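What follows is a single structure, written as structure tokens, with notes after it.
So that you can tell them apart, the chains are marked A, B, C, D, E and F in the order they are listed, and the count of residues begins at 1 in each.
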Amino acid sequence: MSKAIAYTIVITGAPWASQAPQTALMFAREALLAGHRIDRVFLYGDGVHLASALSTPPSDETHWPRAWSEFLEQQNIPAAACIASALRRGVIDETEQARYELAASNLRAPFEIAGLGEWVEGNLKSDRTLYFHGSH
Amino acid sequence: MSKAIAYTIVITGAPWASQAPQTALMFAREALLAGHRIDRVFLYGDGVHLASALSTPPSDETHWPRAWSEFLEQQNIPAAACIASALRRGVIDETEQARYELAASNLRAPFEIAGLGEWVEGNLKSDRTLYFHGSH
Amino acid sequence: MNTLIVVDQPPYGSWAGREALDMVFSLAAFDQPSALLFVGPGVNWLRSNQAPSGINQKSVEKNLSAAPMFGVEAILADRSACERFGLTEATLVAGVTLTDSVPDTLDGYRHVAFAG
Amino acid sequence: MNTLIVVDQPPYGSWAGREALDMVFSLAAFDQPSALLFVGPGVNWLRSNQAPSGINQKSVEKNLSAAPMFGVEAILADRSACERFGLTEATLVAGVTLTDSVPDTLDGYRHVAFAG
Amino acid sequence: MTEITASSDTLHIVNKAPDHPRFGTFLRALSDTDSVVLIEDAVLACTDPSLRLPKSCVALTADIDARGLQDLQPAPHMISYGDLVRLTEQHEQIISW
Amino acid sequence: MTEITASSDTLHIVNKAPDHPRFGTFLRALSDTDSVVLIEDAVLACTDPSLRLPKSCVALTADIDARGLQDLQPAPHMISYGDLVRLTEQHEQIISW
């Protein structure tokens, strides 16, 4: 095998509107199997919906937010949703809930809310930044 | 003026991903001004994100979910988000929160959760069913 | 009040086609005359032998084949789109009626709608 | 590590262009060399006299004109797309460099990304 | 906009950019006597005279202005949101593309 | 898939259907020596021999199978998700369309 590679993975397509979270998860699993590292996962634009704690698909469908959460926790990979994208689209953590006096929060652990600086840092630190977009 | 017309309005595009909620609101206001009636508003597909109680755009941007809520309440127009679309996408009322043992609910009043039967009934009852889609 | 639901998005990459199917099944459940029309890349919903287990999705082939039983009056497809995507009688699912004129097909329905 | 952010969606109908702008401003804020490339209907972001108050949105013209000041190295646009959408020197915002070859432009950047 | 007479023809409301595949499907579905309103991204079609749009085609002023197309030559026929409501009064069959 | 040698050329990962405008932009951006992987809706491009795709173009098996394209003639070159990872090892410049 060639030398181990570090990836930053950016997901911009939402589950149940695109295949992006699915393809990205398959890729991420195979990358780890090949001995590579995933530095971080960054959700941008409509991709932030993957971090919803309230998504409730029918029980016979794959639950992409849960599948991603479990993968991130098992592999101890940090993951963040872009704060500007997330606030507009109603994906909120407890800090933002308090700041904006909202009735609830709905961010699924281990996702965090972070600025685009996390993405810039990923670009700099990782050997590759890979994007998984919506199909539209 | 010609005779008053009753509309069902269907929105399938999400705010901050499409212009659909904006165009639909402009249309709805003008329809009432022209003496027409809006029987109901139905959110389908990505359009259910318009019913998020947690959307928090920057304060200098139009808050489409709030603008729609206020319009619906002022005009006493019933509005529903499709249950199948909403559950997958994490738009949840208190009933569904209890049923699926979720940590929170995030449905903005006066939107309700309802089945596609509401849409079928709208088609039958209203003179026109108008769709406002995303741009993709 | 007959309704035509149109699908122009390809399968699996987005949910629009599935949500269009839900619409037409819902019309049928309320005894409203309804049909499906597949155009553009949407015709790829009609290819037989779809095997989406590798992408962890469910096939819609079964749902489509059950459509007439549930009261959906027709499954229509634009012939030129089928030809463009290499869909022949051998590879189309059963029960599809090909149309040579999308405008004429649309004219036959009081309501025409997309899922998104 | 120079980065090119590409915009191919038209303005106002979706948020993709604005989110692309946020990306390039963020790179500039962290002193990373970056540029914007507008292609296809995306070139319509570059038309002067945008007046979106009637649709209750903010114009991005001001943000774009501030881009060089914030350290964005270039605002590039595909010449053929500009021609297709009737964009001339008279109607383009200031500071845009037209490119005759998208492949050559892409080759000049280590990272090339879309916002969505 | 001047008064519109009642019509049994289809009203097409198009919001997709002209290079979106659905815009092409819309063009193919169009009959000679149909009415067309361009809204949102579809108003960009006014920049391309080679598109075969009917003479009666109109575009929403707010979307034209937003995109800086106020001074386009030849100028598109423009309507307000209120005019759009009137068009939906006059047409029983409406297709939103 | 056989072993791939290191390359300084671009790897294009395309997920849009062939009639999506971005697919056209991708085709125009393609250089002769670039590598191409079709994923998701883009695998439908394999049904259209008139598209000018490079001979080295490959498609994800899972997406081919999902869409019932297993028996397509001529058969597209197919790769697994693991092969896709190997292609990203070999290319420093990667564009996701």
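Just so it is clear, a residue touches a chain if its C-beta (ideal position, glycine included) is under 8 Å from a C-beta of that chain, and two chains touch if they have at least 3 such contacts.
Note that the structure is a prediction, hence the values are computed from the model and not measured.
Comparing the chain pairs A-F and A-C, the larger number of C-beta pairs in contact belongs to A-F. If each chain is reduced to the centroid of its CA atoms, chain E and chain F end up 37 Å from each other. With centres taken as mean Cα positions, chain D sits 26 Å from chain A. Centroids of chain C and chain E (each the mean of its C-alpha atoms) stand 27 Å apart. Under the contact definition stated at the top, the residues of chain C that touch 2 or more other chains are 10, 12-15, 40-41, 55, 57, 111, 113-114. The set of chain F residues that touch two or more partner chains comprises 15, 17, 19-21, 40-41, 62, 92, 96-97. Those residues of chain B in touch with two or more other chains are numbered 16-17, 19, 23, 26, 45-46, 61, 84, 88, 131, 133-136.
By the definition of touch given earlier, these chain pairs are in contact: A-B, A-C, A-D, A-F, B-C, B-D, B-E, C-E, C-F, D-E, D-F, E-F.
Touching chain C in their complex are the following residues of chain A: 16-19, 22-23, 26, 60-62, 134-136.
Taken in their complex, chain D has these residues touching chain E: 10-14, 40-41, 44, 47-52, 54-55, 57, 84-86, 91. The touching residues of chain C, when paired with chain E in their complex, are 8, 39-41, 102-103, 106-107, 110-114. Across the interface of their complex, chain B is touched by residues 6, 13, 15-17, 20, 39-41, 60, 62, 80-82, 84-86, 88-90, 92, 94, 96-97 of chain E. Across the complex, chain F is touched by residues 2, 5, 7, 19-20, 23, 26-27, 29-31, 33-34, 36, 128, 130-133, 135-136 of chain A.
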